[in-house]
Amino acid sequence: MVTGPALRAHVREAGLAYLLLAPSLVFLAAFTYWPIIRSVWFSFHDVMLGSDKIFFLGLENYQRLWTDALFWKSLANTAFYTLVTIPSAIACALLLAVALDSKLRGMTFYRSAFFYPVMIPSVAAGMVWVFLYAPGYGPINHALALFGLPKLEWLYDSNTAMIAIIIMSIWKYSGYFMLILLAALQMIPSDLHEAARLDGVSAWNRLIHITIPLISPTLYFVIIIGLLHSYQIFDYVYVMTQGGPADATNVLTFYIYQNGFQYQDIGYASTLANVLLLFVGGLITLVALVFGRRVHYLGR
Amino acid sequence: MAEVVLQGVSKSYQGRPTVHGVDLAVADREFMVLVGPSGCGKSTTLRMVAGLEEITAGRLLIDGRDVTHAEPQKRDIAMVFQSYALYPHMTAYRNMAFGLLKTSKLPKAEIDRRIGEAAEILHITHLLERKPNALSGGERQRVAIGRALVRQPKVFLFDEPLSNLDAKLRTHMRGELKRLHKELGLTVIYVTHDQIEAMTLGTRVAILSEGRLQQVGAPMDLYMRPANTFVATFIGSPEMSLLRCALRPNGAGSVVHHPRFDTHIPGALERAEPGDILLGVRPEEVTLSPPETPAMARGTVERTELIGSEALAEIRMGDDRLMARTPVMQAPDVGAEVGLSFDMARVRLFDAATGRALARL
Amino acid sequence: MATLQDPLELSAPATSRGTLAHMRATLRRNWLHVLLLPLLALWASPLVWIVVTSLKTRVEVFDPNAGFLPAIAQWSNYPAAMAVAPFGTYLVNSVLVTGGILICELVTITLAAYAFARLSFPGKNILFTLFLLQIMFPIYATFLTNFVTVRELGILNSLPALIVPFVASGYGTFMLRQAFRQVPTELADAARLDGCGHLGILWHVYLPLVKPTLVAFSIIAVVTHWNDYMWPLLVTNSESVRTLPIGLGLLAKSDSGADWTRLMAATVVVVSPLLLFFVIFQRRFVDSFMHAGLK
Amino acid sequence: MSVNSTFSHISRRGVLVGGAAAAVAGLSGGRAFASDKVKLQFMYPVGVSGDINRLVTAMISQFNAAHEKIEVEAIYAGSYDNTEQKVITALGVGDPPATWLPINSALQTFLGLDALADITAKAKADDIYQDFLPGFLETCISDGKLYGLPFQPSTPVLYLNKDALKAAGITKAPVTWTELLDVAKALTIRENGELKRWGLTIGGGWHDWIFECYCRQNALVPWTKDKVLFDKPEAVDALEFWVKMVQAGVMPPASTWEGSANDFMAGRTAMLYHSTGSLTNLRKSSPFEVDVAFMPKNKTFGACQGGGPIMIARKQTDAQIEASWTFARWMTSTQVQSQWSRDTGYLAVRKSAWETPEMKAYLEKVPQARVALEQAAYAGAFLQVPGYHKVREYLKSALDRTLAGSVKPDVALKEAADNSNREIQRLLRRRS
């Protein structure tokens, strides 16, 4: 079937591919796979940060997960954060992108203004939002009062603390998603929109039936990178709430950090990291299965 | 001298064959058109010639040199793509110069000269500093052709280059291409799905279907003497009507029997034994007459259609339908009964089972 | 906050001469502004607050009776913030580390993404999943092992230690592969006929065409590594190899409540190279997004 | 061996002579060439102000200039947590710094890692046991052995918005829990049912630390070195008092450490439990006069310490330990402590430091600073149990959930105690 020169060409192509992958793989092996392998190994042991004594535990660390209420809570918090933040941030970004995909005056200014939060260090951003959320004198509550809405305790209340962090995440990351979506919007041939407009299709229906299907590959892409960016929540939790109040904002990444670095319990932290890996991996697979097959590739 | 020879060139993807042993010789300065419906393997064949696809089996010779497995840039060819494939980030000039810079060590002055010359021929001198997105479709087309021209390759390959243009521009560009071919003496292999384009452009046309070469020949040859029913119906618009008939030998000739008529064909046929055949009649080979005059057969006019100075009439004859071409003034009324006569010297006979043409000896 | 609303005047059509119809037309033309400006105020307010606070006295920050703006702009907060650490050295290091990471990443992800997007080879899917693992595994779970590795490499407490763990990027590879796949294959074919090998195609065709993605990735990579705190803190000891966020941490990680005025001044200092860069090049960034020209 | 007591006076010559003597004494076997400097690393956190970085750097250069055989490298390591993590990570690869400055609660953690040099003998040969304030020194003692020199202790104190007190007609800070509740009620302001100002806020994030103070005010030290006693009635009673304050609507059920300091400065709360380390910041940033008081007592006054000692690594050469000791000793000397305390707001660890003329002048000017010192007489170490980080999390979670009203105090504390003790047992088992 594949013989002679054709086979040689295949081999050459594969060889080139491995050559191109080699630089990445070397560094991934050293700084990602090796830690992951060690993490799997650690998860079967009692390993303590700072100590060279290691004891075999078998599956005990994994059994601990079952009875560790805080683990389940942090898993639920992580899921809640991810499932709320990503759709909201993307919806927000999409609306912004659609609004900014025009030749209106001052568009570049708007773009910068919506994009800049991406560049603020998480630490500083977290601190600022602690102030913005302050129940008494914080501007957010002032604004709520202005519209006659009830004031909230935000970060001080276990019911609203996570919401507060989610709102801040949307502020911080919509701009980034917006820029990517904007690039995709610019590639939609304008005649499609014009045709639909002539047919009397409303703006909303144009968005739903034309824009979104056409940029679906990019949307899909943004969902994936949104999933990956949801790791950033660690920074906010670390700065703003340290997981509190009453563990309402304790998410898996933070819990891993706590176990590994504060409690020195490397074995358990590794176990948690492995679980998180499976969790995110599963989520990405899910997204890939649900959306990946349905996306329309422009002109193909 | 530039001659391209395909010897049993085949292609399979993951074991599934898509092109079956194409044998084709393209002579120097010939304008060879590969035509066929979409998915027939014509583009794949062209891409194999270009070196963009591996040739799974067979040989490819350009100027007698075996280039079956040569890298594309070593084949001394240039190609114009359907979407033009102009580099969006380069000016028209850069687009044209890029290949020269990569493959040749030509001095800058020579490159300039070649591009200037090509631009003049193509009337794009004023566009050279523009980027593709500032060019219209026709202009992009010219730049794409210019990019091929400046390479001065042995063979030009065109992959449906006109299909993205509007009808008027397409006709114009067709003329341009013809002019270029003649003036510059190019050797061209040209892929299209449009038979009119094929007929007007090609010095010879190769028709492909389902990965097999059906027939190669000069356009009129194909038109007049299609090798099989596929070619017969593919070439010509409106297409040739095929009437199912029975063939009976009769003396020096044969009798073609149709439920509505019998007719005699003079001279010997490739096949003498009786059996089912298809009678191929082109619209212009049918003469319509008023019902009262004598005719070969009779039918009912189903539909008429004006096309400029002529009219087409669709006529029902029992279960068969056939198209006839008539002067506008003589176009029959719909529903009318008409008499039909065929130009029996020109009609073709096909084996009903294999679709192959029965040669008249 | 109210002062933020001022830009609304831009779109306010209200002149007494204007007829109702005229006003309506203006409104129709500018309704997007009407929609966007409040949103803009919302988005920009944290930045405004950062800048304003950086110019206040400590007392003014929380005094409910003090105005929104400082009575007298306290520019001295800036030198005072800069005095807590050698910010000059930190700045140079931040530029070196971030630049180093970015360059390395761009090289590795370009090569890898091309292989994933355009070459066929055995094990492609498995390898691609392996690349994604990097992003899915929490970074804090790698610190301990990587600390040991970096130490064994003998580069603890040096700039390379801040760079090496981030040389490969699954994230960037994923992003770029996606972009490469959107480049029409005919362009690559054309380049092959023009005499390009794989690397030539990559360099002359693919890279120029995915510039928007490269820019988007670069932004996020630069911001991420520019603001990295924990890893640099862990593997560096000397002032001479430390980066800006560690200086920021000096002001932020107070057990006694943040040192607001100086923290915000330092934040402005740390962020402004990025913001400045963005503002200056934003037209080009956005242009590169708009004229991607993949049609 | 003896260390010259002229160390405590920073006369340049004295220090030079002393330093040389120490270095020579420390270097056995005639390797005392001038170029043979003992190199030490000192990892420290920055707790109260970014300026600490500059201050420490200046102190270190001063020390290095005065000790030609020793070269200390000061390494800023982030917060207390970051510092501890950095040190422990380095310990894990067998390469710890010579000295570091953790929070005192980490004592058992480091002992568990067998990381600390026992400096009892050196201290006994010196004036440490005489001149250090015993409450502070106690935080570095385990099983009668000394493992560090207190350097920058702090305790929680009660901060008061003097203007608010005056406006409410209150002249004197509350002294007992009952008074505290009354004053808090008087200071709370609500308009149309909407809260304008809390009477009292307990700084979140470290409220477990303040809770231990409450336990101590109920005459309970809620831990021993191998177990916690959160479920004792005294502790439950303390938490019930907190719940009472929350239910009375005078105290928010939750806050954060940063946020509560902001709240105080912004007038959102009239009283605040926060660290003495925050004094300078609160005093300088508040648009009103700030007063400082003892934490009110119940059965007794009680407090416990935050802040940290300088610890010395065990796994190093005798010369290095000796040099480390010289360094720690210098950092806790009278003059240095007097200066450090005035610069940062931390409490000076030596009695003699409080008697220096500079300090006396300072106390004249900032009388609030004395309160913490006086309260320190009632202070003990904070939660020195193995795995204290996790224990703190259990306790904080219990406190949060109780104040949020989702669980009863005794149930929450019992659960926290059980979880904590299980964790401690796990670590102890591991150790043996």
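A few comments on the model shown:
Lettered A, B, C and D in written order, each chain numbered from 1.
The definition used in the following text is that contacts are C-beta pairs under 8 Å (C-beta built on N, C-alpha and C of every residue); 3 or more make two chains touch, one makes a residue touch a chain.
Keep in mind that what you see is a predicted model, and the values were worked out from it rather than measured.
Distance between Cα centroids is largest for the pairing of chain D with B. In whole angstrom, the spacing between the mean C-alpha positions of chain B and chain C is 56. The centroid of the Cα atoms in chain A and the matching centroid in chain C are 15 Å apart. Remark: chain B and chain D have CA centroids separated by 91 Å (rounded to whole angstrom). Among the residues of chain C, those touching two or more other chains are numbered 62, 64, 143-144, 249, 258, 260, 292, 294-295. Listed for chain D are residues 85, 89, 92, 258, 262, 266-267, each touching two or more other chains. In chain A, the residues that reach two or more other chains under the touch definition are 49, 127, 131, 137, 261.
Pairs of chains that satisfy the touch definition comprise A-B, A-C, A-D, B-C, C-D.
Of all the residues in chain A, the ones that touch chain D in their complex are 46, 48-53, 55, 70, 127, 130-131, 134-137, 151, 153, 155-158, 240-247, 258, 261-265. Residues 41, 43, 45-54, 73, 75-80, 82, 85-86, 89, 92-93, 95, 206, 257-258, 260-262, 265-267, 274-275, 277-282, 284-287, 306, 345 of chain D touch chain C in their complex. Considering their complex, residues 58-66, 81, 83-85, 143-144, 147-148, 151, 230, 233-234, 237-238, 246, 249-251, 253-260, 262 of chain C touch chain D. For chain C in complex with chain B, the residues that touch the partner chain are 184, 186-187, 189-196, 200, 204-205, 208-209, 291-295. Of all residues in chain D, those touching chain A in their complex are 81, 85, 87-89, 91-92, 94, 109, 112-113, 115, 194-197, 204-205, 252-256, 258-259, 262-263, 266-268, 387, 389-390, 393, 396-397, 400-401, 404, 406, 430.
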